[in-house]
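Written below as structure tokens is the structure these notes are about.
The chains carry the letters A, B, C, D and E, assigned in the order they are written, with residues numbered from 1 in each.
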Amino acid sequence: MVDKTMNRRVELPQLDRVGKVSAIQFTLWIVVGAIIISSIYNVSPSPQRVAEGVPRLGSLMNRMFPPETDPEFLGRVFWRLVETMQIAIAGTVLGVLISLPIGWLSARGIAPLKATTFLFKALISFFRTVPDLIWALIFVITVGLGAVAGTMTIMVDTIGFCGRFFGEAMEDADKEPQEALEAIGASKFSILCGAVIPDAMPSLINTTLFALEKAVRSSVVLGLVGAGGIGQELKSSFDLFQYKKAAAIMLAIFLIVLIMEWVTDRLRRSIT
Amino acid sequence: MVDKTMNRRVELPQLDRVGKVSAIQFTLWIVVGAIIISSIYNVSPSPQRVAEGVPRLGSLMNRMFPPETDPEFLGRVFWRLVETMQIAIAGTVLGVLISLPIGWLSARGIAPLKATTFLFKALISFFRTVPDLIWALIFVITVGLGAVAGTMTIMVDTIGFCGRFFGEAMEDADKEPQEALEAIGASKFSILCGAVIPDAMPSLINTTLFALEKAVRSSVVLGLVGAGGIGQELKSSFDLFQYKKAAAIMLAIFLIVLIMEWVTDRLRRSIT
Amino acid sequence: TDVEGLEQLEQEFGAVEAALEKSTGLEMDLIPVSSRTAAVEAMNAGQVNFVLTGPAEYVVMKELTDAQIVVAWQRPDYFGQIVVLADGDISTAQDLKGKIVSFGSVGSTSQQLGPAQALADLGLKYGTDYDAQIIKRNVAIEALIRGDISAIGMNFGHLQKAREAYPEVAFKVVARGPDLPNDILVASADVDADVLAKVKKAFVEDGAAIMEAVLKGEDNDKYAGGFFLGSVDDADYDYVRSMYSTIGVDGFSGFVGD
Amino acid sequence: MSITDMHQDLTGSERIAPRSDSPHPKTVNTSPLISAQKLTKQYGAAQAVFSNLDIDISEGETVALIGSNGAGKSTLLKCLIGLLPHSGGQVSVLDETFSGRPQAAQARRIRSDIGFVFQKHCLVSRATALTNVVHGMLGRAGSWRGWHQAIASPAWRQSAMEALDSVNLVHKANERVDQLSGGQAQRVAIARALVRKPKLFIADEPAASLDPKSGHDVMQRFVNLSKKNNITLMFTSHDMQHALQYADRVIALKNGSIFLDQKSDDLTAQDLKGVFSG
Amino acid sequence: MSITDMHQDLTGSERIAPRSDSPHPKTVNTSPLISAQKLTKQYGAAQAVFSNLDIDISEGETVALIGSNGAGKSTLLKCLIGLLPHSGGQVSVLDETFSGRPQAAQARRIRSDIGFVFQKHCLVSRATALTNVVHGMLGRAGSWRGWHQAIASPAWRQSAMEALDSVNLVHKANERVDQLSGGQAQRVAIARALVRKPKLFIADEPAASLDPKSGHDVMQRFVNLSKKNNITLMFTSHDMQHALQYADRVIALKNGSIFLDQKSDDLTAQDLKGVFSG
């Protein structure tokens, strides 16, 4: 081996640049490509139209700035925020607690039962597909209007979201330590707790804090069940054309989102 | 070494069960725990109230089932779905194309510029925090009402979502191959394309297809800019109390979501 | 107007579009918008020329842009009302003192402004004499049946739909406002006087034909018996302006009554 | 009898008894701890890695498995304990017999008595060395306390520390394994297997990244434990010195078959050259 | 002079010329390719891995670095090319001098002339062997075509195939590296370094999981290339045979210092025992 390649030009097999692609796959790619391109083509705005519109944005900005600073208003916004945070935290935590087992049961290769993973994936999708309004109806019927129903709605939203991303994070966790624990006969649950969760942790944290942020922002969900929240406040400022108030609320929300972004970052960094 | 541990009881250092925790960290954990527990405590529904409500769910179901099957109605729903899919695909593809570089620039340890990662994270958060309504206003002003504005709004939504999850996927990619390419002087961009993206691919696929699904479901966004879509159809059936029609639309959306779930699954499996 | 109604209208609007194009000779595009804010801004930015809208939005539009009224579209039985359960313990509006009343949508003429004004006319002050909440109609009805809220503000059409959907529940109206000012077709300031006249003429002269087209859609019965009115006065909407102050929106007090 | 026939023939569980045509007829008293008959393994549609292997390993034996890179050593070890399904033949291990893939209950019974060291050490990288060793306790009933060192019972933590001590890593117990050197990580993986006190050790290149002294220490420790408690040991190694010195018996894989299967006393380093040539 | 003083003293770049108090005064003609002065490395607040190392390696030399697990071999190699920042002292490599961390431009210049084989092979697991070898082409100007074999230039693909051929893996070129055996993967990593045609090879236990024959072949290939093209080679190994046979010079790390630094001709296996004892 040593000297054989040093000075001779070996006749090496020329490999294909792309792997084997079946005729069906090829057609499929073409079709998908065509759909995407035609979709984009249908909706590209004419640049001239855009150019005309841009200056008009100024007037919108004018009506938004400076944001409202009336202390009484800001005080109300603050309490709304606190209230929203409470509901959001409770709903997200409960949702995450339920998402963990459901996500696990839906994760291919990690779940204890192989046959039912798609079933659980479908269940999670179902949670997402049923619109918030229906969930709102259900919770208002069972627990009545208010913060409790709001928490439940957020919980359901969280399950639909976290269930999917938790499942994905578990599927993508490093396979080798799992194999090692499997080799010594650890149960699927022990593998989950011993190997999968530690590896998926940064992703779980990211998803959870995103869900929390989403819950804080979510205007529709809480408004539906009469739980108000900051989102509702924002929506009604818009509906009443009080843009300066809306701007103030948006800034407050943005601040909270930034703080949560920072927390996510810190938490993830501390365990990576 | 060999025989020293066989028969003697070694005096081994007793390690702490948990790592070193500073006083500040400890307080922080307590505070966070207290917030979560009090939040949850505040919102737990009284069981008796729930028990009363549950039977009434039946009446809700009665009003929804069986779903409407009038062929003319189903036909309209079908075309609405096609229209929605078109806008959703265009918006998501454009959004994903923009999210990739932004996500990269925001990924700690992967981005070419270390100092600006938080800036890009904030930018992505900004995309999310500004409510859809504002984006709708901006696009309505610049490109007018209709499908184009709908696409743009979905694009913005996609950037806010995918930017964050793409960045996270890149941060969580396997570090060792990256280090290997770094060692031979590959540029940050080459490391991204050669090592990070192949490793993050399953996660990127998952996020992208979730964003597409989200775009198909999103009723609010498209309705705002007069782009209609299936979500709008669903909303107006509710507004007119046509629960059977709403149920039919929900089933149609659920079907699409399931198909996309299946596609996600297949795509991810084919590359893992 | 209730924007949702417009949306529903659009589903079967092909015929209307055709009828309008035929009688004006102009090409038209109909776009349903679910947000009054977006519709107003679109008009404001000159991206749309005509908006079919309700009284409350008109008031704002008039304030923000120099919108011109083209025609008014009278909807029969268009008024706000306060609905309660027939077998509940609320029998008059006065019983609502200290109770929770929900309204469907912030800033909606027939779902918030109108009903709130009806209560105000009966001496109940918005937000102080009763607790006003904004809750979507579908949810509010369930909450009403459950007893979480005592009354809902909605318009007549909504109540009819609700009665169809909840045949086993008996509803009762305890307060009712006067017929609301008409829905209007508004043109933006930069529409040619020429085009404006054409459209106006079409509505007034071929009103019957257009209305017939509207009624082709099965869900548009609510417009049955409606008329297009060619002469409308901005002052007709002062009643709406006063509603804004009723619900305590200070932002509009500046032009209320001027 | 073709391989395919063989496979179908043996999928039922009635064929547990030694086959009369088996090339290694067993004596009555010592039933082998591991026994493979006509074992074949093929990944997907690729060429078989090995085919028709017959292997019998008695209780208490120490066996070295050698062969060039890609010969199929790791694959064989995984097939023998049912971690990879085989494509043909039959395996009996620790009194369980299976063809293809063991049933879940079988797999659990087999694995609860095995200590396995992987070639890639396969540690949980975000966990400490101690937690990784405590993981070795998993796989028995009620073993959830093995998830993390913080919740493990004091006895288990003590055993884990002793296992770490036996690979000279007590001072790194609280360190995350991704901050250990290559050889240290390998030693954590070995400690994870040692802590189990199993009936069968399977170690895939346990000494690969160890320095010469640690390598000998670790091998010596395996052999001592094995001899003292009658534990069967099967290991692979590219160090012929180790194979000859620590194993009773050497099995060499070459071109998908057993090239050599002999007592190590009868062998010299020179004899092993042939395994890697050609 | 304390380490800290030293460090501050040398952060400026004016001190490139050999220091008069350097323990290895250089001859005028052969400037060393790698030269470390008072090199110290400490991870976080832990005890220093090594401190005050002075090392000079001339162009074309082949050096074996030995030492027990955790002695700091991998750490030292990474510090020498600036892949890890050092905590004290100064490094000159390939005519670039830095203290702590090299500047970005320096790092790029240094690394474009290096072929590095990691101890953990560090391959992109979802890519094929060929793609991983083509990755070796990255790090030069306009090297984006090295991202994937499908977009690489024909010349590069040919070189990559030749590199694979030289480690006997042509038949696995199109296979994903996570489906290769441990030794095969290691050989892909070596091919990735070989394809670069660098001025300096740094290989961290390149032969660790290779079978005896492949191990010798790979080492022989490194040495041949190195001798023929005057490439400097620095490798670590736990195989004393390899260290003595393939290196001109052996450096041993022990307890954070250089325990031994000698021409390999003067050494026997027995001499090396002391490196690992105690």
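In this text, a residue touches a chain if its C-beta (ideal position, glycine included) is under 8 Å from a C-beta of that chain, and two chains touch if they have at least 3 such contacts.
All of these numbers come straight from a predicted model, not from anything done at the bench.
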Quiz item: Going by the contact rule set out at the top, which chains touch both subunit A and subunit C?
Solution: B
Quiz item: Copies subunit A, subunit B: same or different interface, half of numbers shared as the threshold?
Solution: same
Self-check item: Between subunit A and subunit B, centroid-to-centroid distance (C-alpha), Å
Solution: 3
Quiz item: Where the centres are mean C-alpha positions, what is the separation of subunit C from subunit E, in Å?
Solution: 77
Quiz item: How many angstrom lie between the CA centroids of subunit B and subunit E, rounded to a whole number?
Solution: 43
Self-check item: For subunit C, residues that touch 2 or more chains besides their own
Solution: 35, 37, 41, 44-45, 47, 138, 142, 146
Exercise. Note the residues in subunit B that touch 2 or more other chains, in rising order.
Key: 53, 56, 60, 133, 137, 141, 143-144, 220, 235, 238, 272
Practice problem: Could you list which residues of subunit D touch at least two other chains? | Solution: 120
Quiz prompt | In the complex, subunit D residues that touch subunit E | solution = 43, 66-71, 74-75, 119-120, 172, 179-184, 186-187, 205, 208-215, 238, 240, 276-277
Self-check item: Touch list for subunit C against partner subunit A, complex
Solution: 35-37, 40-41, 44-47, 60, 64, 102, 105-107, 133-136, 138-139, 142-143, 146, 148-149, 249, 251-252
Quiz item: For subunit D, which residues are in contact with subunit A within the complex?
Solution: 81, 83, 107-108, 110-112, 114-116, 118, 120, 122-127, 135-136, 138-140, 143-144, 146-148, 189, 192, 196
Exercise. Using the touch definition up top, name the residues of subunit A that touch subunit D in the complex.
Key: 174, 176-177, 179-187, 189-190, 193-195, 198-199, 201, 271-272
Quiz item: What does subunit C use to touch subunit B in their complex?
Solution: 2, 4, 7-8, 10-11, 31-35, 37-39, 41-42, 44-45, 47-48, 137-138, 142, 145-146, 161-162, 164-166, 168, 219
